[in-house]
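Below are two complexes that have chain A in common, paired first with chain B and then with chain C.
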Partner chain A sequence: MAKILMKGNEAIAEAAIKAGGNNYFCYPITPQTEVAEYLAKRMPEVGGVFLQGESELAVANMIFGAAATGKRVFTTSSSPGISLMQEAISYMAGAELPCVIVNIMRGGPGLGGILPAQSDYFQSVKGGGHGDYRLLVLAPSTVQEAVDLMMLSFHLADKYSNPVMMIGDGMIGQMMEPVEFPDVYEEPELPEKTWAITGAKGRKPRVVRSLFLDPNKLENNSWHLYDKYELMKKNEVRFEKYKVNDKNEILIVSYGTMARICQTAIDEIEKEGVSIGLFRPISLFPFPQDDIFTEASKKNIKNVLVIEMSTGQMIEDVERAVVGKKKVTFFGRTGGIVPSPEEVIKKIKEMVSKKSKTKKKA
Partner chain B sequence: MNTDEKTIFARPEGMTDIVTHYCPGCTHGIIHRLAAEAIDSLGIRENTVGVAPVGCSVLAYNYFNCDFLESPHGRAPAIATGFKRLRPDMIVFTYQGDGDLISIGMSEIMHAANRGEKLTAIFVNNAIYGMTGGQMAPTTLQGQITSTCPSGRDLNETGHPIRMTELLSGLVTPMYLERVSVHSPKHIIQAKKAIRKAFQYQIDNKGFSLVEVLSTCPTNWGQTPNESTDWLEGNMIPYYPLGCFKDSFADEDK
Partner chain C sequence: MLTDSRSQKWELPQIEKPINIIVGGYGSGKSEVSVNLARYLALDKTFVNRPISILDLDIVNPYFRSREASVELEKLGIGSINPEGAEFYADLPIILPQIRGAIETAEGTVICDVGGDDVGARVLSSLAGSFHAATYDMVLVLNLSRPFTSNVAGCLKTISEIEFSSRLKFSGIISNTHLMDDTNEEIVLSGIALSKEVSKQTGLKLWFVSAEQKILNIIESAYIDIPVLPLNRSLLKPWE
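Let's look at the complex of A and B:
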């Protein structure tokens, strides 16, 4: 298929259809409403289901009921709406139902603002609802990658029978970029959905539930989920390295739109003879902690710089990965302010000059 | 074996052979049975999915012999909506108590009903929170004593009990709404007809149907089973009048 110019939100919607995600429930919220508007027209064309619910609370529960059919289902929302969905997300994680949830993040807390942010890292990665559970979390940095990861999200949701969350900041949702869709989304074979609710015809009744009143059974379920998350850690770590080499003085760790801005900054400062590498986690859970450790441990790396559109959330995972081996510094803007490459360059220069001063003293 | 013997009463196929956890004198068991009998008589068991609430009937999936989903508190109509939109060929019913359906789930039931989801809701009203041990519900009657209104429900503080079926009747979309009771054999027969009819509405794809069933809670009312059926008749029925509030296709039956 040839490249076409598309807005991120619409590309995400079309990618879902490509992956067979023909069942969509939604509630309007800026900056992701275009997904709903696009699909209101598109779903009838492909014979899919489109329904605007009365609240994000209801929508997430509709997704829960819909997922129990065994068909591919998804919803999209933005930060405050995702907060409302946490109830059903926890239940779906407990009941092991596959579904895809997209969070086009805006600034918070509370009603916050409507401009791009990355301040829902904790909520997405650490379990936004109650109980011992994890979501598989993917973070695209381009519209094309949003398309690719959206399709992959459906596959991974089915592979692990687990909700998958794709988080992009408002920039990913709103900007237009050329994208290419595959003619057919090809994916490895998946296990049969032996749990799907299809009517007890010629078989015993099935129950989809997260209730285990017997503490031993609940503990067993929690450890069973744990084993699944460990398997994700083994198989689903995804990341990209940009200009990472043995001349790097600083290793930047950044994801999503922010990582792209860092790339521009790295290219600019390279002209001044300063070598910086970028490590961009694509899967936020599982987090590429071993790979970050390996890169950060290299002799040439003096400093690890974490850059986020928040006051610092992913940095906690980076610190955990680096285990005190290197200094971890943070730079971030939040509230809907997207840092410019110049701001990133300024921060890098501060760090580099501090280092030279230290050298002089020595 | 005497071949002249005929089975005239047996466990419905729609129920499992499991002893329920319900308290003596609680009418959940009767209502489960009526739903199972309706499912049997309509021949829909293998194509039906129930949605269990949070409340005393949270374990309903152990007693019904059909596929089941277990919902978060109050969200059964949203869960059922999601399922039914993807599987319009299947029969979907929710089984919800008054705390579940009216208090925490008011929004979900109103909107599911108003969208005209092709669902059947079996709504059990016993005027109290049962599972958590007898707290005030939106349906608790004036002056009724519960653990969170120990001096009796004060209307100045908490407003009047909600008549849910009347409230739903104010919407244009719902197609069949009836309130029944199960405190006497006569009423049980009427309730059975209503529940069957509610399922029939869904089978015929005629829209949203709900049956409110007045139910007893002797344990949390602090009564014997017999006292509780008397209390229901003397106190609940005057405030929650029985009858059909909406039967949009009634003319077709004639």
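Let's look at the complex of A and C:
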């Protein structure tokens, strides 16, 4: 298929259809409403389901019910809407149901604002709802990557029978970029959904639930989920490195569109002879912990700089990965303010000049 | 730099009416065209003593709106009417009362940048009375690279949907086919071909083609036989 120009939100919607995600439940919220707008037109064309619920609570429970039938289901929302969905997400994780949830993040907490932010990192990777569970979390930095990861999300949700969340700041949803779709989304074979509720004709009834009153059974379920998350850690770590080499003085860790701003800053400061590398996690859970450790441990790296559109959330996972081996510094803007490449350069220069001063003293 | 952007290879667009409403599908490039058109008029000698203003009537997009260029445009003497304070950033359907006044008593040339599709154009309906009192041109910005306007049928559908929701009639077309940084000569030229076909079928005048200066530089002058508006992008992403 030839390249076309799409807004991130539209591209995410089309990618879902390409991956067979034909059951969509939603409630509008800026900055992701175009997903719903696009699918309101497209779903009838492909014979899919488009349903606008009365609230995000309703939508999340519609997803729960629809996922139990074994069909590919998804929803999209933005920060406050995702907060409202947490109960059902926890139920789906407990009941091992696959579904895809997209969060196009805006500034919080509370109603916050409508401009881009990355301040739902904790909510996405550390649970969000109650209980011992994890979501597999992916974070694209371009509209094309949003397309690719959206299709992959459906595959991974089925592969692990677990909700998958794709998160992007508001810009991922709102910006226009050229994208290309495969004619057919090809994916490795998946296990049959022997748990799906499809009408018990000629077979024993099946029950999908997250209620286990017997503590032994509940504990077993939690350890079974744990094993699954360990398997994700083994198989699903994804990241990208940009200009990472043995001349780097600083290793930047940044994800999503923030990483692209860092790339511009890295290219600019390179002209002044300062070498900086960028490590961009694509999977936020599982977090590329070992790979960050390996890069950060290298002799040439003096400092690890985490840059986020928040007051500092992913930094906790980076610190955990670096295990005190190197100093981890943070820079971020939040509330809808996007750091500029100039601000990133200024931060880098501060760090580099501090270091040279320390050297002189020694 | 701005004067350098004037392409000498082709005729420049002619703007006749006091009110120029720039409408189109989502992502056709209306805001970028509006900002560049306002800038071109502000720098055009024949428009001296004719105030140029730009009205951001986009109430459907939360980001990348022409109001983001208002500070830059103000330096060129281009007026704009935007909500103040926190409302500047809001995704609320705010149409300030001054907008109606600016349309009804337009002294110079007014560019109206409208949100995408029939949904975005609905705002025009509430102002239709004011537009009918003035003399306006409503122009459709076409981008062949966008999914719903990739062929003549899609363009005709967009035209009828926008005319229905805006209660206004189109009089022209702007060919703005692009694929952001992936734009090449072939994309611009195939966009012109589509716009010509739409123009033929609807009787709407093809006003001009707009494209980034760097693309225009590589196109032979003989390949374009309509006026050209060179674009210098103003609504950039933070890393651009």
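The rule is short, and it goes like this: the second predicted complex is superposed on the first by the 362 of 362 C-alpha atoms of A that agree within 3 Å, B and C clash if a C-alpha of one lies under 4 Å from a C-alpha of the other, contacts with A are read in each partner's own complex, and residues count from 1 in each chain.
The rule is short, and it goes like this: a residue touches a chain if its C-beta (ideal position, glycine included) is under 8 Å from a C-beta of that chain, and two chains touch if they have at least 3 such contacts.
Keep in mind that this is a model prediction, so the values were computed, not measured.
When both complexes are overlaid on chain A, the residue A:200 reaches chain B alone and has no touch with chain C. Shared-chain residue A:209: touches chain B; no touch with chain C. When the two structures are aligned on the shared chain, A:31 is found in touch with chain C, with no touch to chain B. Judged by the touch definition given at the top, the superposed model places A:46 against neither chain B nor chain C. Look at A:58: by the touch rule set out above, it reaches chain B but stays clear of chain C. Once the two complexes are overlaid on the shared chain, A:71 sits against chain B while remaining clear of chain C.
The touching residues of chain B, counted against chain A in their complex, run 45-49, 51-52, 58, 61, 64-72, 75, 78-87, 90, 107-108, 111. On chain C, the positions that touch chain A within their shared complex are 26-27, 61-64, 89-91, 119, 143, 145-147, 150, 178-182, 237-240.
Contact residues on chain A toward chain C in their complex (touch as defined above): 3-7, 10, 14, 30-31, 34, 37, 113-116, 170-171, 174-178, 257, 260-261, 263-264, 336, 338-341. Residues of chain A that touch chain B in their complex: 23, 25, 49, 51, 53-55, 57-59, 61-69, 71, 73, 87-88, 91, 95, 197-202, 205-211.
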